[in-house]
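Have a look at these structures, which come just after this line.
Both complexes below contain subunit A, partnered by subunit B and then by subunit C.
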Partner chain A sequence: MAELQPYNKLPALSCAVLLLVGSDGGLQQRLAEAILREKKNFKINIHLAASLPLPPERDHLRPRIDLVAFMIDIKSKYSLKNVEASLAYVDDSFFLGKVCFLVTGVGRVNYCSVEMNAIRNLGEVYCSPVLFCELEVEGSQVATAQRLLRMLEICAGHVPGVSALSFSSLMRNCADD
Partner chain B sequence: MAAGAAPRPARRGGRREGGSNGPRREAAPGLVSVMESVEAVARTLLSFGRLSRGLPFGRAHGLSSRDPLLPLAPRSQENADPQRTAFLLRKQWTLYSVTPLYRFSNAHLRDYARLLSAFIAAEKQKGLAVEVGVELDIKVAVSSLPYLKGSDQDQAAILVQLSSRSPASPKNSEEKLIWSGWFCCVSGDNLSKNVPEDFTCLPLFLVNGAECYTSIVGSWFQKTFDCSFRRLAISPLILSWMAAMWTGCKVDKTASAMELVFSVPCLPQPLDISYAIHPEDAKALWDTVQKTPGEIIQEEVDVFMDCLYSHFHRHFRIHLSATKLVKVSTAIASAHCDGIIKVRF
Partner chain C sequence: MDETVAEYIRRTVLKIPRDEIKTMLEKWGLLSETQLQTINFRQIKESISQDVVQLCEENSVDIKQAAVLDIIYNHVYPNKRVWCVYQMKKTGEEAEFFDLTDFKKKFKGRLRSALKNVTINFREYEDNAIWIRIAWGTPYTKPNQYKPSYVVYHSQTPYVFISASVLKSNLPLLCQALVLASNYHDIREMELRSHSLNSLKDIVFKRYSQNFQTHYPRPLQERNVAPKSDLRIIQENRNEKERIERVNREVFGDGPQPKLEFAQYKLETMFKSDPQMDVLDKKEPFRCLVKFSSPHLLESLKSLAPAGMADAPISPLLTCIPQKARNYFKIREKKHFFPESFVSP
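Then we have the complex of A and B:
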């Protein structure tokens, strides 16, 4: 099956799997390392991919994916296009809180090649939260890693009483109402 | 280089209302006479002042969804003297953004000129020699350009010129213009609502001339009007807007090629890619993309640039969208991401 499915495999005990999709391998690597450095009480697997679909040959070896984070760099229009193309290979039920968009590079407005409206629209059309960060800066990297970790914990079902569906309520912006 | 790719349909999700940088509607100039061309160029230059405000990240600084179609034409077109705007052309201008000036008045321009020339003389005395070994008599002229603004509420542009006359040459010889800088404001409607009393909003400063004079004049303004100057960088998003806007302009004579320069990141040695396009091809492509003459929206700019990028990719297998656009050069004007623009013609 070419599409990423959220529930077609059994979950592993006390384990959560994060998939990072983005065109910049270096940034993904740094973010993954930052997440792994955080304190957590469950096992984490982080998978990195440049784009979707994932190669089908190794599909049987892959665990169930709990959260997909699409990384967009505002300095590169190509990264946005890459993410937009990859979104087609994600099953619809993933978009109930198990997908988020990570926009990096927002510290440097002067390097901006991507229009902010396009990103906001992406978040709205796909009903997924958009997180802004600056992964080149240490502090922002740590903060983003902590946020993603928390989201991953919720998506994997490790937090009793909170499900990934509640992320959509976090996205409502007061200015919109 | 022929433009091969057909324009793709506008990508979905382009919002037409709401949002801080919703549809960007600009008046595309209709060039018939030289005067109108100069105005048009001045218009695009002046649009930097607006574009420099509150860009991408975050909401609603300077652009509201209720922004009407901005008539960026200078007010009194009939009175605008081509001679007076000729100073704009064929010069390289470095851009600075300026905070509002405190207690600046149009009525005291002559006094300001006097004070500034005294300041320059004092700096020279102090030994901060502006030019080593050459004794120059520097004269300062500060004038107002009432027609160079975006709308009625805007402040009129202020021009500062430094001219010199070497003491060796006879008294009534020609003075040579050595430095010029001008402040201007475009579409200050949004700004003037928020600016408190006693403040004058002239957010864009363009400089042509030696850096030493720029720092002296700049520090005088900073001391006198409690403002602050900062180099204005132009982001690739804005540069692609300029490329699209300027491509759409009709040029009379044989135009030079449209050139885009890209800088490739993350390489051990810096690499620049220069992409030159025949101006007629570029204009033909833009004409197929632009739906309403006189209006440009972000989606049209995106489609235009995407066509150019995909054409390049087809030939060279390089994704220009992953690089940084650093310079746009058309027959009308050129702009560099470090905040340097040059108006041709």
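Then we have the complex of A and C:
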């Protein structure tokens, strides 16, 4: 099956798997390393992919994926197109809180190439939270890593009483009220 | 010594970075060893230039000698100017023996017969390069020493590198003089321009590393390389990354790329839209100019695919720049069978 399925594999004990999908490999690597530096009490594996679908030949080795973070570089329209094309290969049930959009490069206001409307639209259409960050700034990198780690923890079911479905509360816009 | 000469020398010395002034004055050779020793090269540049001017006064330096210092400066710092490449053509096949004195005589003769007020300097360098500096005047005014044109000619090749001054009207005369003096028949401007003279030479003399269609056998040890990064980070698209690296290497070669700052594409193609939208009433070519600029254009193109900003392989319109030896293109509609546009010769 070409689509990414959230529940077609058995989870491992005390383990969580994050999948980062984005065209900028270097940035993904840096973010992954930042996440691994954070303190956590469960095992974590991070898979980095440039786009979906994932190579089928490694499918049997791949564990169950708990959270997919799509990385969009605000300076590159190409990265947005890449993410939009990859979204077609994700099963619908993933979009119940197990997907988020990570928009990077927001520190450089002068180089914005992707429009805010497009990103907001993406978040609304796919019912997933959109996080903004600037990974070149140490503070933002650490904060983003902590946020993703917390989301991953919840998505993997390690936080009793909180499920991934509660992430819809992150998306409510103040203007909607 | 004329006031203008003094001012020119002063301004030329001020251009030179302080640490280089002594070496350049030595290369210039107009001031003797003892005179150079009287200058304190640790003071501010204003004072150094004043001292140099004073010593030149003692030696009664004229404008032609002063111009040599300008050539030396530009030879060491050619990247401050924009260079255009020209190619000369000869119809005959015989390789004539290049006579430098004859060349200089014919060149000077041609320029002086058209324009009396010119300052012409020649300087030869080891790599068979002849540097020519021309300061232009008019029949009524003296040559403007602050806006000279520079020509670099490698006598064993048909290529000339010209850094024209702002006074572009003198360019046809300059080209004529070059063709006449070097015994060629014609000269044409190649659409190749850059600040880096050495890179231009690399491109036309084919000195950069080119991609040859060889088969690179994959060495076995590649597979046994110990993973440098954390084992908890898994790369899903390793094969794709390797493919991109391989394609990139095939297209760009392994070595450093020549340094260009711009690539400009002038499009004169028809606007292709949905026929129902009928955007343009008249069916005329849509004129559009696309310009790529970068401190080092070819290196940045080379890193586009590995950085995940473009698909590999990159458009041949961009990668053909060193092979075609041009970075200014005109793209017109192809009139024959294929619907895509083609690049004009």
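Everything that follows uses one rule, which is that the second predicted complex is superposed on the first by the 177 of 177 C-alpha atoms of A that agree within 3 Å, B and C clash if a C-alpha of one lies under 4 Å from a C-alpha of the other, contacts with A are read in each partner's own complex, and residues count from 1 in each chain.
What we mean here is this: a residue touches a chain if its C-beta (ideal position, glycine included) is under 8 Å from a C-beta of that chain, and two chains touch if they have at least 3 such contacts.
All values derive from a computational prediction rather than experimental measurement.
Engineer: For the combined arrangement obtained by superposing on subunit A, do subunit B and subunit C clash, or do they fit?
Structural biologist: Partners clash after overlay.
Engineer: Answer with first, second, both or neither: which of subunit B and subunit C does A:S23 touch in the superposed model?
Structural biologist: The answer is both, since A:S23 touches subunit B and subunit C.
Engineer: After the superposition on A, what does A:K81 contact: first (subunit B), second (subunit C), both or neither?
Structural biologist: After superposition on chain A, A:K81 lies in contact with subunit B alone.
Engineer: Classify the contacts of A:N41 with the two partner chains as first (subunit B alone), second (subunit C alone), both, or neither.
Structural biologist: After superposing on A, A:N41 lies clear of both subunit B and subunit C.
Engineer: After the superposition on A, what does A:Y111 contact: first (subunit B), second (subunit C), both or neither?
Structural biologist: first
Engineer: Tell me which partner A:S169 touches in the superposition: subunit B (first), subunit C (second), both or neither.
Structural biologist: Touch status of A:S169: no partner.
Engineer: Quick check for you: in the superposed arrangement, does A:A32 touch first (subunit B), second (subunit C), both or neither?
Structural biologist: The answer is second: A:A32 touches subunit C but not subunit B.
Engineer: Regarding the shared-chain residue A:N121, is it in contact with subunit B (first), subunit C (second), both, or neither?
Structural biologist: After superposition on chain A, A:N121 lies in contact with subunit B alone.
Engineer: Superposition on A: which subunit B stretch among 278-286, 296-304 or 332-340 collides with subunit C?
Structural biologist: After superposing on chain A, the stretch of subunit B hitting subunit C is 278-286.
Engineer: Both subunit B and subunit C touch subunit A; at which residues?
Structural biologist: 23, 26, 76, 78-79
Engineer: Which residues of subunit A touch subunit C in the complex?
Structural biologist: 22-26, 29, 32-33, 36, 43-51, 54-55, 58, 76, 78-79
Engineer: Using the touch definition up top, name the residues of subunit C that touch subunit A in the complex.
Structural biologist: 229-230, 232-237, 239-241, 306-310
Engineer: Going by the contact rule at the top, pick out the subunit A residues touching subunit B in the complex.
Structural biologist: For this pair, the touching residues of subunit A are 23, 26, 74-79, 81, 84, 106, 109-118, 120-122, 124-125, 132, 175.
Engineer: Name, in rising order, each residue of subunit B that touches subunit A in their complex.
Structural biologist: Contact set of subunit B toward subunit A: 11-15, 19, 21-22, 55-57, 59, 233-237, 240, 265-266, 298, 302, 305, 319, 321-325, 337.
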